[in-house]
Structures are given as C-alpha cells and as structure tokens.
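Dropping the structures in below, format is structure tokens.
Note that subunit A is present in both complexes that follow, paired respectively with subunit B and with subunit C.
Entry: the complex of A and B
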C-alpha cells in the first residue's frame, strides 16, 4: 500500500477522518470504492488485532461450520482470510441449500454429533434447539471479558433483534427478558414491508398503499391496469413460513397475538378474536382478488422472483427479498422501490415481524472457546460493515452499520426508499410470535387453514374458530394449555 | 524315490467347517440388524410421548399415540388421502401400462425403440419430475396451463387448487411410473406361450374374447407383481407430493410420509411421527401379504391345470 493511502486509512481508524471523507480521498488517489473498502476492512482487522484481546489464543485450531447458501454466507466467506490472519485459526464449512438446510441441522444436533462447532439458524428454530439442550447460552461468552474482545460492543446490536434471539425457555416467556438465554447471535435480519413496482402502480393511478384497505384496493387496481400480472405477492405454501412475513406483520399491527399467556403460564389460542377475523377476511379477499393464481404453492422464492420478473406489482414480504430482486439479472432491476407498511390505519408505525439469520454454538462442540472466537468476529462491527458496504450483507443488525454514511448512500442510490423504510420500521421490528415448543405445529396448521379460507373450503370465521379449537387441544395435550 | 509333487499347503486364514455357515450368513445377519434395530427403535419411540422440543416431558405412554389417532381427524384424513392416492395411481397406471404394452407387444424395430424411449420418465428422479411439472403447470408461463387455456380451461390452477390438486399429483405419478408397469407387462406379454393364441386364431375367436379369456388370465401373475410393487411404493409416496404442494392446499394431500416427515423434522414430534410410520408399515405389510397370497394361489392353480 502506498504511504498516502495508508495514512488516510490509519487516520480513519483513529477516528480523525470520517469514513465518507476517507473513501472520497482514496477515490481521489485513483482507487475504486470497492478496493478502498477492502483495504479499509484489512486495516480494521489490523486494528482489531491490536485491541488487547488475545486473538491468537486458539491459533492452529480448526472450527467447522454448518451454513445455509445465502448472501450472508458469501459475505463471510469473502472476508474469511482476514479472520484467519487475525487468529491463526482455520475455518472449514459445509454449505447446504435452504430446502434441506434445517433438516441437516436437526439431524446433526439430534444425533449429538460434534462435527459442527457452530451453525446458522433462525431464532424460531432455537425454540426447539434450546430446550432440547443442543445449543449453548451465549451470554456465558458475551459477558465474559476474558473471552470477548473489548470492541465487540454487544449494545450496538439493534435492541428488537437482539432480544428476539433470547428466550428464558418458559413456554410463553417474553423474548429478551432479564432471565433469557441468548440462544443465538443475530447476524442479518429481514423486516416485512412493501416492495413495489412504481410504474405498475402509476399505470393504475394508485398511490403507494399505507394500510391494509388501501393495499387490497391498490393490488386489485394494479392487476386490472397491467396485463399479465397479479397485484400482490405474499407467501401461501402449507408451511409456517407463510405466516411469519407480511401476514403476521400486518396482523400484529392490529395488536393481535397468536396466543394468550395467562397468569399461571398456560397458553391458549388468540387468533379467533373479532379483530383477527376482520383482518383475516381482508387478507383472504386480497389473495382471492389479486394474489398469485398458484398462491398456495408460493414460498419466498416465487414471491421474490415474480416481482423481480415483473409478474406482480407489489410484495408484502421480506424487505431483503425486494432488495435482491432490484439487482442482478432480474427484468425489473432498478424498477423497484420500498415503503414501510403499517396495516392498521390507526397505528402510528409499522410493527414488522422479523426473520433473523443468526449464529448458534453447538453444545456438542469440542472447542467452544475457539468457536466463540469465530462467532464474535463474524457478528462483530468490522465484519458487519464490510459485508454491508462491500457485499450484500443486508439488513445489518448493528446500529453502527446503519449509521454509516457510506452504507446509507449506497443503499439510497440504488434502492429508493430502502433506508427510510428501515428507519421507520426498525423501532417496532421484533418477533411477534409467542415463544413456545409447538411453534411449527401451530403455524403450519394456521397456514393450512388460510389455504382453506382462500380456496373457500371454509368461511373465515368458522375456519378461525376451528383453528383455535385445534390449537387449544394441541396445547393441552402438550401440557402447555 | 519318486519325484511326485506334493501340493503345498495354502497358508493364511482358514475357517473351520463348523464356523463356515455362521461366517457365510454374517452379511445377511448384519443387514437384518441394520433393518431391525431402527425398526424396533421406531416401535419404542411410537410408544412414547417424545417431542425433541420438550425433552422434560418424555415418557412412555404405551399405546396413547395410537389411541389418539382414533379421535384425530387429521389422521383419518391422512389415511383416506394415502389410500385414495394409491388406488388412483396404481389403477390408472395399470390400465394405461397394459394398453401401451398391448400396443407394443409385437416385436418390431419401431416397437422396441418406442418401448425404450417410454422408459425415459422412469430415469427421472420423482422430485425432479415434480419440479418440471410445477413449471409446466405454472399459470403464468407453464405449457400445460397454455394447453388447458386452449381447451377453455382459462383459470386452471392444477396443484394450487384443492379440487384439482389430487388430479395433478396423480398425473405426475402416472408420468413417472406408468413405464415401469408397461415394461413389466410387456415382458409378460412377450413371454406368453403362442399356442393358445394360434389355436384361438384358427378357431376365429374374437380378439376381445381372446384378451379377456386368454391374455388377461395368463398375464395375471405379472399384473399382481406390478400391482404389488406399485401399491407399496404408492402408499409410501413422499417426494412428488412434497415437492409439488408440501401436502396442501389445506390438508388435501397430507399422505403418511409427508405428515410423518413434517411431524419429525418440523415439529420434532418423534412419538407421533414414529406411530404414523408404524401404521404405514402395517398397511404395507397387509398389502404385501394379500398380494403374495394371491400370487401363490394363482401359481398353485396354474400348476394344477398343467
């Protein structure tokens, strides 16, 4: 590296020059933003090595990871050499596509295998893994100064996201409570908001919807005004994954819950209230009028690719799905925009339910301290900033990354409204489900019921009453109700 | 002194004659252990209240998982869907496979070529076949949706609609497995003795009569074999249905294997999942017994007639 560039980067690392000024300065020296980012990241790693923490403690150790094929994984792999240089450790990994990923995790953990030291997971899955005794409470590491580097800055994690990964293991227990165990570390997360095709809405003469009634109308209008498209993309497959994105985000915006938790800790169904029935009726009508014709088989993949291919006018789903569809080889690349969405007209802000790709440590690992070295690096601010600014590591889970001017500019330049959408909805973003061991049973049945309603096999009110009855019976049978 | 060569004794490991039978049966024993250990483990699990997410509640509940099935609507639905699927697929594939085999019965170059070509779907993994069909039935760009629209079915939703979901997966199953039945029956048809057919031809017996009274009875062992194999496989169907609809819409296609898979891998309800598979095992066992008995009866009858 030339002296001038090095001095500039060092000045940034000391905090005397802003990141924006530093990138601008490096640009003036003929360096591309991408190269500058890589150099800054390398310098950040060097700085990390000098923060007094013994990064070399596990030098020569190899940790093995189980990973899902995902842009977050790509970002980590792209930066892995820095970790190896920093620690002298080696990292090996197996990457599986999402279709089979969680089966692989369940098989590995339930067999008590020590093959993997750490793995990617979703917070919902830890409601099974934690009580089963397959993963460790990471609070034991996070708050141990001898094991965690001083620059880790746990408080920098977005509060709603951080708390959503912590549960005390009591069915119905509040997420992030004082006695909660940190079953996983947030890595990247998804809020559920609107991604829309501006030209399709403009052709229909409708504004970007701001509540569920407007969404139902706008979807129908967009479908009518544009040939060969459908109005709104939402998930519909017979899976728990149909409930957690747009559906639950809108539902919880009306202060509705999946389950009631009584004072004695017993659980009961809460989805057959009057307000819930009204919301379900609107949701079902929206899909019947303007959803995908093959909605009942739609997973996140079809929802995303359809809006990217110009087959749908909007999606109410993961914001990062809209992010990825606005680039690459998608037909609608550069045509999509984003808006926060509060389904309830009376609500002051959106309350998106969130999906969090997280990192957990296997209880069966034989080298937990070394694995924690990796986890704290992978979830640290340096890698977060590298991934967000150089790769597609969105949405970052750290406030400091969201405050980074370069990252915000990069997003705003190519993804109109994305930063604003995030800023508006982040305060209300958290997991809205009740943490309990029957999560997957009950939400899958909820999705199946929704399918029956959309297919007019059962009226909405009756379907929800039947669902509530079934949920209560299952909770009782499991000793939870 | 004679120079006769005395054969040198072979060196190395020798098995005593007494131990030989045991050594020879060892591979079979190992295979049996490999099958029986998981089987009895599953039996044990099916008699427990065992959910991985509630390890503290694990206990023996003996027949409770099975007893609960009696009042469990979703179980009866699963049983009904599984049997409907098996009956439809096996029945339709038998009829279609037999028709094709009859058409290709005569040994000509063309028929031989076509019979080989028709085996192609059988070479396709069922999960991949499902994905192909999923694309072909896509309402936006699927070729089958296009054809459906040409005959007036403008909004035909294939597997997405509860009223046509079963039809769609049955079609996929037929596409994949009809060649299996066809090739089995074709082999049977071509191996039948020619004399009865020549005698019938000399007497001027109508072809339909020949089919019902000569061909079909002589082909019955092959039909039974094909039915047995397909029925067992069909009642255990997983990949086509899971890849197409995950058991939906609603609970229209929740066959045994899909339900058991979701119970274990998604709900981590090991006890219920194992109990479901035990019921499936009983159904498969009963089916096998029925077919094998019929097959043996038929063979006895044929021997008696000979």
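Entry: the complex of A and C
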C-alpha cells in the first residue's frame, strides 16, 4: 500500500478523519470505492488483531461452511482474506442455490455429518434443528471471555432480532426469554414494509398508504390509473412463506396472534377472532381487487420481479426485496421508494414480522472453537460495516452499522425513505409467530385457507373457523394442545 | 394408389404444424430468451423483436456473471462436466452389470430369478430421500461420501433397473433357436452370448442406454445430498441463477440450452435405435 493511502486510513482508524472524508480522499488518489472499502476493512481487521484476543489460537485449522447463494454470502467471501490474515485459519465453503439449500442442510444435519462446522439458516428452521440436537447453544461461546473477543459487542445486535434467534425449546415459549438458548446468531435480516413506485401512485393521485384501509384503496386506484399493471404485490403460493411477510406483519399490528399459549403451556388456534376475521376480509378483498391475476403462484421471486419490471405499483413484502429490485438490470431501477407500514390505524408504529438469515454451529462439528472464531468475526461489527457499506449486506443486524453516517447516506442517496423506514419500524420488528414444532405445517395450511378465501371457495369467517378447528386438532394430536 | 385429397393433405399438414408448434414453442422461447438480457425478457408486453446478445453464454462459459451486485463466480461449466461424467460413467457401469444380468434373467430359468429381478426393479419405486439419508451415514463411514465413485454407485439405483428390464425384454424376443444352432456348432455359452445375442440385442441396448442416460442426467437429489458443491450436476447448478436479488432469466435459459445439447445430440444420433429398440423390445411373442 502506498504511504499516503496508509496514512489516511490510519488517521481514520485513530478517529481523526471521518469515514466519508477518508473514502473521498482515497477516491481522489485514484482508488475505487470497493477497493478502498476492502483496504479500510483490512486496517480495521489489523486493529481487531490488537485487541488482546488470541486470534491465532486456531491458526492452521480449516473450517468448512455450508452457505446459501445470497448477497450476504458474496459479502462474506469478498472479505474472507482479512479473516484468514487475522487468524491464520483457512475457510472452505459449499454454496448451494436457495431452492435446494435447506434440503442440503437437513440432509447434512439429520445424518449427523461432521463435514460442515457452521452454516447459514433461517431462525424458523432452528425451531426444528435445536430441539433435534443438531445445533449448539451459542450462549456458551458468546459469554465466554476466553472464546469471544472483547470487541464483539453482543449488545450491539438489534434487540428484537437477537431475541428472535433465541428460544427455550418449549412449544409456545417466548422468544428471547431468560432461559432461551441462542440457536443462531443474526447475520442479516428483512423487515416487511412497503416498497412503492412513486410515479404510479402519483398518476393515480393517491398518497403513500399508511394503514390497511388506505392500502386497499391506493392499490385499486393505482391499478385503475396505470395501464397493464396490478395494484399490490403480496405472496400467495401454498407455503408458509405466504404468511410470514406482509400478511403477518399487518395482522400482528392489530395485536393478533397465530396461537394462544395457556398458563399450563398448551397451545390453541387464535386466528378466528373477530378482529382477525375483519383483517382477513380486507386482505382478501385487496388481493381480489388489486392483486396479481396469478397471485396464488406468487413467491418472493414473482413479487419482486413484477415490481422491478413495472408490473405492480407496490409490494408489501421484505424491504430488501424492494432494495434489490431498485438496482441495475430492472426496468424500474431508481424508481422505487420505501415507507414504513402500520396496518392498524390505531397503532403507533409498524410491527413487522422478520426473516433473519443467521449463522448456526453444527453439533457434529469436530472443531467448534475454531468455528466460533469464524462466527464471531463474520457476525462482528467490522464485517457488518464492510458488507453494508461496500456490498449488499443489508439489512445489517447491528445498531452501530445503522448509526454509521456513511452507510445511512449511501442508502438514502439511492433508496429514498429506506433509512427512515428502518428507523421507524426496527423497534417493533421481531418474529411474531409462536415457536413450536408444527410451525411449517400449520402455517402452510393457513396459506391454503387464504387461497380458498381469495378464490371465493369459502367465506372468510367460515374459512377461519375451519382453519382454527383443524389447527386445534393437529395440536392435540401432537400433544401440544 | 394415393387417394388422399388435397384438402385432407393441407389439413393434415396444418395439424402437424400445430402439434409441432405446441410442443416446440417452449424450447423456441427459451432459445430466444437465452439471447436476451433480463430487462428485455421482462419488458411489458413481451416481444420477439430484440437486439441479441451473447452475454449469457459468455457468462456461463467464462464463469463470470456481471450483476448489479458486482461480478459473481458461476460454476456452470463445471456442473455440466459433472453431469456428463456422472451420467456417462453410471450408464457405462450400468451396461456392464445390467446386460449380462438381463441375459441371465431372459434366458436362464433359475430359482428366485423373478424375485431378484423384481427386487432390482423395486429400487425405482423407493423414495430417494428415504434411501439417501441412511446411505449418507454409510458413505461417510466407508469414505465414499463426496466422491465420484460413490455417486456413480448410487446412480445405479436409477440406471440399472432400467437397463436390466428393457434389455431383458429384448433378449427374450430373440428366438432361442438361433443361439441353439450356434451352440450345436460347438461354440461356448459365452461365445454365443457375445457373437449372437449381443449383436441382435444391440438396438435394445442402445435404447436402454440412452434412456438411462436421460434419467441419470435429469437427477439432482443424489449428488445434492451426497456430495459437495464442486460435484453438483447441471440440474443443481442451473438453480444458482435464481437468487434472492432476482432471477437471471437469460442465464437460466442459456443454461437450459447448454444442458439439453448433450442429450439432444445423443438422442439424434441414437434415434433409430431408440424407436426400433423400444418398439421391438415391447412386443412379446
């Protein structure tokens, strides 16, 4: 590295120069933003090496990861050389497409394979992996000062996200309770809010909706005013993934739950209340009036592709889906904007349900301490800031990254409203489902019921009563109800 | 004498054209997509007029995919090679094991022959995941996990029953008298098998081999569960273009075109064997 560049980076590390000034300075010296980011992070890694922690303890060890093909993975791989230099360890990885990723994870874990030391997972999946004894409680590492570096700063993780990755294993047990086990460490996460096409809404003369009634009206108005589009994109396939994004976020904003947990710990269906039925009626009408014509086949991909291609005016789905669709290669790149969404007019703020891409450690790993070295680096503040500011490691799970002025400016410049949306909805963001082993089965049935309601095969009230009856029967059969 | 009227000829040709159009349209559309960018593929309304680009093929062949998130590494050609190696290897092993077995089941009546043949056929009915999880444990213990050898062995679950049952039917259709005549002339059993039965059964063997190749090519669950990312076939590799940040439709289409080429070439080459072999092998008496 040239002296001038090094001096500038050192000045930044000492805190005498701001990050933005330093990047600007490096740019003036002919360095690209990406290269500057990697170099800055190399300097941050050097600082990390001097924090008194024995990073070289597992030098020469190789850990193997199982990863999903995802921008978070790309960000980690782009920064991996710094970890290798820091620890003297090697990291090898298998990256599988998302469509088959969880089959691979399940096969590896259920066969007791020691091939992979750590892997990416969703928090919901740990409700299966944890009680099965396939993954370790990471509290044993996080709070062990001999294993975790002093700058890891676990308290920097957003509380709702951190707690959503912890469960005590009791069906219905509160996420993040005092006796909860930390089955996974949050890596990157998604809130569910509105991504909208401003010009389509403007053409219809409607403002950005702020509650479910306005959303139903705005979607219909946008559809009527713009040729060849539909008003609102939400998922509709017969899958648990239809329930967890916008739908559950809006539903929980009315203080509604999927299941009741009684004092004796038994579970029962909670989706056929009066308030729930009213919400379902509005949701169903919204899809019937302004949803995609082939809504019942829509997954993450169709919802995102359509808003990116200008085939829909809005989506009520993952914020990062809207983020990705605002990038190059999409017809609507640069045309999309973001807004927090509280479905309940009486609610003070949104309460988005969240999906968390997380990191877990395999119980069958033969080198867990070395794997933890990797996990604490990959989920640490330095990599978080590098990934968020230089790559697409968004949404970051650390408060310190969200406070970084450079990161906020980068987002605000290209993604209007994104930072404000996150700030408003983050305090209420958490997993809203009840943790229990039948999660995937019951939620898929909920999606199937929703399909019948939208297709007018069953009235909303009757459909929810039938669903509740079926859910209660399944819970009883499983000894949970 | 041809008594077909002109009208009938025209109608017949129109009907054939419609059928061809119906079946070939998806392939035609995929080929068109493979020469387009994502933006032109997704435009509203869709159009067949576009400026063709080779960028999708270049990305697959060079292994470097340019996206809005930067340059990504893709291993599609390695996936293609894996598919070729696994399918060809497993069909070769399947033929070596299956042809003598098919001959034995077709010609020699011995106690339990039908039971053994049906047991082999039953491999086709087993749900793959049910078989694969215990196999994963065994393979790890004996060092076969994540090896091409282990995968080719497991692929026999697909190819061996297919080869055995198709070729068996074919051997049974060859009149035994031809072989008896050859044996009476003083030739050995093995010589009869090699010089008489095998050449006569060749169309059936080619058909069985081709079908087994197609079945092996289309499989993805075996390698997915039993092997690392570097040994995955094209059926898994093609899914890499479906990511959280969007579907790369152009690359998916180019991947499909490249992945059907080997099977298409083989099918065209062995077409006459396939039709003849399947039809003859299927008729008893």
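By definition in this document, the second predicted complex is superposed on the first by the 472 of 481 C-alpha atoms of A that agree within 3 Å, B and C clash if a C-alpha of one lies under 4 Å from a C-alpha of the other, contacts with A are read in each partner's own complex, and residues count from 1 in each chain.
Keep in mind that, in the parts below, contacts are C-beta pairs under 8 Å (C-beta built on N, C-alpha and C of every residue); 3 or more make two chains touch, one makes a residue touch a chain.
Since we're looking at a predicted model, the values are computed, not measured.
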item	value
Partner chain(s) touched by A:110 [first = subunit B, second = subunit C, both, neither]	both
Touching partner for A:440 - first (subunit B), second (subunit C), both, neither	first
Partner chain in contact with A:131 - subunit B first, subunit C second, else both or neither	first
Partner chain(s) touched by A:311 [first = subunit B, second = subunit C, both, neither]	both
Touching partner for A:295 - first (subunit B), second (subunit C), both, neither	first
Partner chain in contact with A:228 - subunit B first, subunit C second, else both or neither	both
Partner chain in contact with A:479 - subunit B first, subunit C second, else both or neither	first
First, second, both or neither for A:457, with subunit B first and subunit C second	first
Contacts of A:96 with subunit B and subunit C, given as first, second, both or neither	second
Overlap of subunit C and subunit B interfaces on subunit A (superposed complexes)	103, 110, 228, 311
In the complex with subunit C, residue positions of subunit A that touch it	34, 69-71, 74, 93-100, 103-104, 107, 110-113, 115, 228, 300-301, 304-305, 308-311, 320-321, 324-325, 327-331, 333, 391-392
Subunit B - residues contacting subunit A, complex	51-57, 68, 134, 137-140, 155, 157-162, 244-251, 262, 265-269
Touch list for subunit C against partner subunit A, complex	37-39, 42-45, 67-70, 72, 129, 132-133, 136-137, 140, 145-146, 220-221, 224-225, 228-230, 232, 236, 239-240, 242-247
Subunit A to subunit B touching residues, read off their complex	102-103, 106, 110, 127-128, 131-133, 228, 237-240, 292-297, 306, 311, 437-438, 440-441, 444, 447-449, 451-452, 455, 457, 477-479
